[in-house]
Amino acid sequence: MSEYDGLPGDWQLVVGLEVHVELATATKLFSASANRFGDEPNTHIDAVTLGLPGALPVLNRNAVELAMRIGLALNCTVKPCTFHRKNYFYPDMPKAYQISQYDEPLNVDGFLPLPGGKQIGIERAHLEEDTGKSTHIGGVSGRIHGSEASLIDFNRAGVPLVEIVSRPDIRSAEEARQYLSELRAILVAVGASDAKMEEGSMRCDVNVSVHKPGTPFGTRCEIKNVNSIRSVGRAIEYEARRQIDLIESGERVVQQTRHWSEDDGRTHTLRSKEDADDYRYFLEPDLVPLDPSQEWIDAVRAALPPLPAARRQRLADATGIAADSEAAMVVVERGQDDYVLSAASAGGDVARVLVHVKEAFAEQGAEPMVPIADLAKLTSMELGGQLTATQAKTVLAEIVDAGGGDPAAIAAKHGFEAMAADDLAVFVDQAIAEQPDAWAKFRAGEGKAMGALVGAVMKASKGKADGKAVTALLNQRKG
Amino acid sequence: MARTIREITAGVRDGSGTATANLEAALANVTAREDEINAFNLVLDEQARADAAAIDASAKAGDELGPLAGVTVALKDNLCTRGIPTTCSSKILDGWRPPYDATVVSVLRDAGAIVVGKTNMDEFAMGSSTETSAFGPTRNPFDTTRVPGGSSGGSAAAVAAGFADFSIGSDTGGSIRQPAALCGVVGVKPTYGYVSRYGLIAFASSLDQIGPFTTSVEDAAVVLDLIGGHDPLDSTSIPVERPSLVEAIRRDVAGLRVGRITDLPQGADPDVVERLEASFDALREAGATIVDVQVPAFTYGLTAYYLIAPAEASSNLARFDGVRYGLRVDAADTNAMYSATRSAGFGDEVKRRIMLGTYALSAGYYDAYYGKALKVRRLISDDLAKAYEQADVLLTPASPSVAFPLGSKNDPDNLLSMYLCDVYTIPANMAGHPGMSVPFGNGADGLPVGIQILAGTLNEVDMFRAAAALERAAGSEGVAK
Amino acid sequence: MPEQISTADVAKVARLARLDLSDDALQRMTTQLDAMLEHFHDVDALDLDDVAPMTQPYPLTNVMRDDVIATSLDRDEVLAQAPDAEDGRFRVPPIIGLED
């Protein structure tokens, strides 16, 4: 049975993700040029950024700190490491080589737990410098093909990147999406990056292959130009089917780099290159080895904030919901989990607060305006039977709108009060008496018949009855 | 007769001399002989006169003056000088004006030195005779039918011909020491990391060092004390205190252990060998102890160098692609533009070394060539370290011969003959050790011979002690004009 | 007859290095490189099995700088040195035939 429901037969999918993340430093990786997005072209340049003759790189300590945060948050080992030159020609590469890390990267052998618990292996997370940006002019919709020239802006050249390489442990498009969401949340939580795929501060290349269980992994293709988490899922689904179709029609999958086109929802071959790339990696002679001290590593680890997985578990422990439930995911992603948990010391019911926050606090951000005491009191009133669920919703909406408020006062203003149990029983018995047919059907097991009875009670009580309590009483009477 | 730097600056300070007079003396020599010598790619007479006038005005006003105030300097044309063309004697950078100064250039300017011009060199520092320059060779002031050595031939010749009080060059495999020897001046390559490389247009990043050419050991000590130092803009810059070399040269050599390398590669001319023996005698007479040492891997320096240096250079020179600065030869697409530009802009020797270096790093060949060369480098370094357990300094010839005739080693079917010029100087670059050449009399045809003094990492002190002793012994034989 | 390196190898290297070589130049370059590589075999006499490669002349580690912004170069001064510029950016011919 295929893990991935969408694939035909017993085909299985193998996916590895390479994510490049721009670090939130003030300056570039190897020079004191500003690391800023969106300014006038070529206004954050210096001799090193432009690859001027005679310029030399000097490593940014803060970039190392942030890279270590990422590695440690991903459960990696931080190791003594070195920098290498990756040599190739491209106009946005000012030195015609990129300084990166090759066989001795900073972080190795970690893992990222998906919300459901499965761990995706992290092979490495290393430092490297970003390239400049080219704009193609004179062609069709800014593509290289048919362009008459390209214009290069080096503001982005030299910005620090961490490249995070997963092991090929991902088995479905859904897992890939979860991996990326979770990774993004971690990157933001540790303050390493704002990780916005739509702005390019987080970029993803996808490696996809297919195989049948018990056989070796198939030939993989690398897919580039995937610009959102959703596109990653779509690209994987398309590419998996493309490869399966090829193999099933007797052809081979050729190892190649393919380009995802959002417009037509397909991957395409890039123009084939003349020679296979030979990057002629060698140790960067202008830099010296990096060997973070144990003190530094320990300090970075100790300063890591609670990560999303741990925070969801904390909510789960406090409320009884599943750690990978939508409520937990959403509230932690918004950064509202501390707020929810603080309901306990405010005398409220955390589980109920969680529900309210999930439903009504989408616009509130990580520091909700509503004082937790107000929410706490609301949940007390609900649990104490003074408000029905419906009434509570109305009160909550007003509290959120106003940025706070006393639930008791709001309830009184509306004339809300939950019905006393005896009064409720009167309405229920009355409804039973007035609708003998419905009652008979309900007693016989037709659940639908309850609707008429509940409706009658609601009408007679002018909406003050609590639907749940009515249902409970009816079931009680039924015996 | 050349005055020392300290004499010049003392004169400027006490009013007995002026920066302008000192400069005019240099410019008069330039006018007289630059046409036949071609030491410069660019003479900055106008700017230099303005600088000298400013120094003289400051002196008159009683302002604080820098330690090199009024002293003239020539800069090798691979040192970035803001707003002033810096070409590496290559067509690919012809006319390029850097938007920044090399650290060494800033230091010299702040000290009050007056830049007379940018000197000619082998293209991108690749050569031992200054004949690969795209702007014509420099000629040796002693005999203009002969080479000045290379790659810093222009800087060496400028000092020998009195065009500047001192000059700055760079040394990757001997490019300061060998031309110093051929031109009868003092030339120093300090320990790797001693002087900042920021703003030095790189040839081989793990081998390049900047150093001075001077007419005396004392001047070299003065300059090196000034330009040596940690630079936060250069990650390979050594952060330790450097002891004063001006003080070091006051010490004698009593008890100094001077090593004779008994397994040194043969091939030096008899006149050079005779001078080397004389230098051992001179130091012995001055109180040093001569010891025999072996450096078995010495001879393999050439192979290691001609794999490591081109490999690093192939990467360092890839930035010359016509995109951001320098020459561009237009083409229909960027890829074609790269090839057209680089093919037109680089000379034959540069192309050869880029090709060799690219090959040595390429997939499938790394281990056999570049990887192997790095191991040979380790052996050379280890062998030298062992030698320095028994000796404080080592003496060798700086060059196997005196200055050779122009064109005599340029046979493309016998490239080795030119490469062998560096056989004695290369090992110091491999190990990152300091080395200097001191004139010690004349050899064949009355041409100057330089003796190379080598020392271990950061032992410039002993190296300069020995140099000062040799200079004293050389007496009037030492520097020819 | 070159034994260490062929003209095909040399042509491949020339492409990697972005150097155009005419047929004559290719032949000459092959001969010259071959001679050099032949000479380099002198190191075969050395036992290098247990020798660690040496990449750094002076043993420094952990050279880093603070994350503090310095002034940018003046864009006009830089672009004035560019072979071609437009709209504050460096201008190049169409970028085809290169990897992405």
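By letter and in written order, the chains are A, B and C; residue numbering begins at 1 in each of them.
Convention: contacts are C-beta pairs under 8 Å (C-beta built on N, C-alpha and C of every residue); 3 or more make two chains touch, one makes a residue touch a chain.
What you see is a predicted model, and the numbers here were worked out from it, not measured in a lab.
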Most central chain, judged by mean C-alpha position against the global CA mean: C
Contact-richer chain pair [A-C vs A-B]: A-C
Approximate Å spacing (C-alpha centroids) for the pair subunit B, subunit C: 23
Centroid distance [mean C-alpha coordinates] between subunit C and subunit A, Å: 41
Cα-centroid distance, subunit A relative to subunit B, in whole angstrom: 57
Contacts with two or more other chains, residues of subunit A listed in rising order: 47, 50, 58-59, 89, 91, 150, 152, 278, 280, 285, 287-288
For subunit B, residues contacting two or more additional chains: 96, 99-100, 206, 232, 235-236, 314, 318, 321, 323-325, 334-335, 338, 358, 362
Shared interface positions of subunit C, touching two or more other chains: 16, 18, 55-56, 60, 63, 65, 73, 78, 90, 92-98
Of all residues in subunit B, those that touch subunit A in their complex: 78-80, 86, 88, 93, 96, 98-100, 102, 197-202, 204-206, 232-236, 311-312, 314-315, 318-321, 323-325, 334-335, 338, 358, 361-363, 366, 370
Residue numbers on subunit C that touch subunit A, as the complex places them: 12, 15-16, 18, 55-56, 60-70, 72-73, 75, 78-79, 86-100
Residues of subunit A that touch subunit B when the two form their complex: 47, 50-59, 85, 87, 89, 91, 94-97, 150, 152, 278, 280, 282, 285-288
Parts of subunit A lying in touch with subunit C, wherever the complex brings them together: 25-27, 32-34, 40-47, 50, 58-64, 88-91, 134-136, 139, 144-145, 147-154, 224, 257, 259, 270-271, 273-275, 277-278, 280, 283, 285, 287-292
Interface residues, subunit B side, partner subunit C - complex: 96-97, 99-100, 191-193, 206, 232, 235-236, 238-239, 297, 299-300, 303-304, 306-307, 314, 318, 321-328, 330-340, 342-343, 346, 351-352, 354-356, 358-359, 362, 369, 371-379, 381, 412-413, 415-416, 431-432, 457
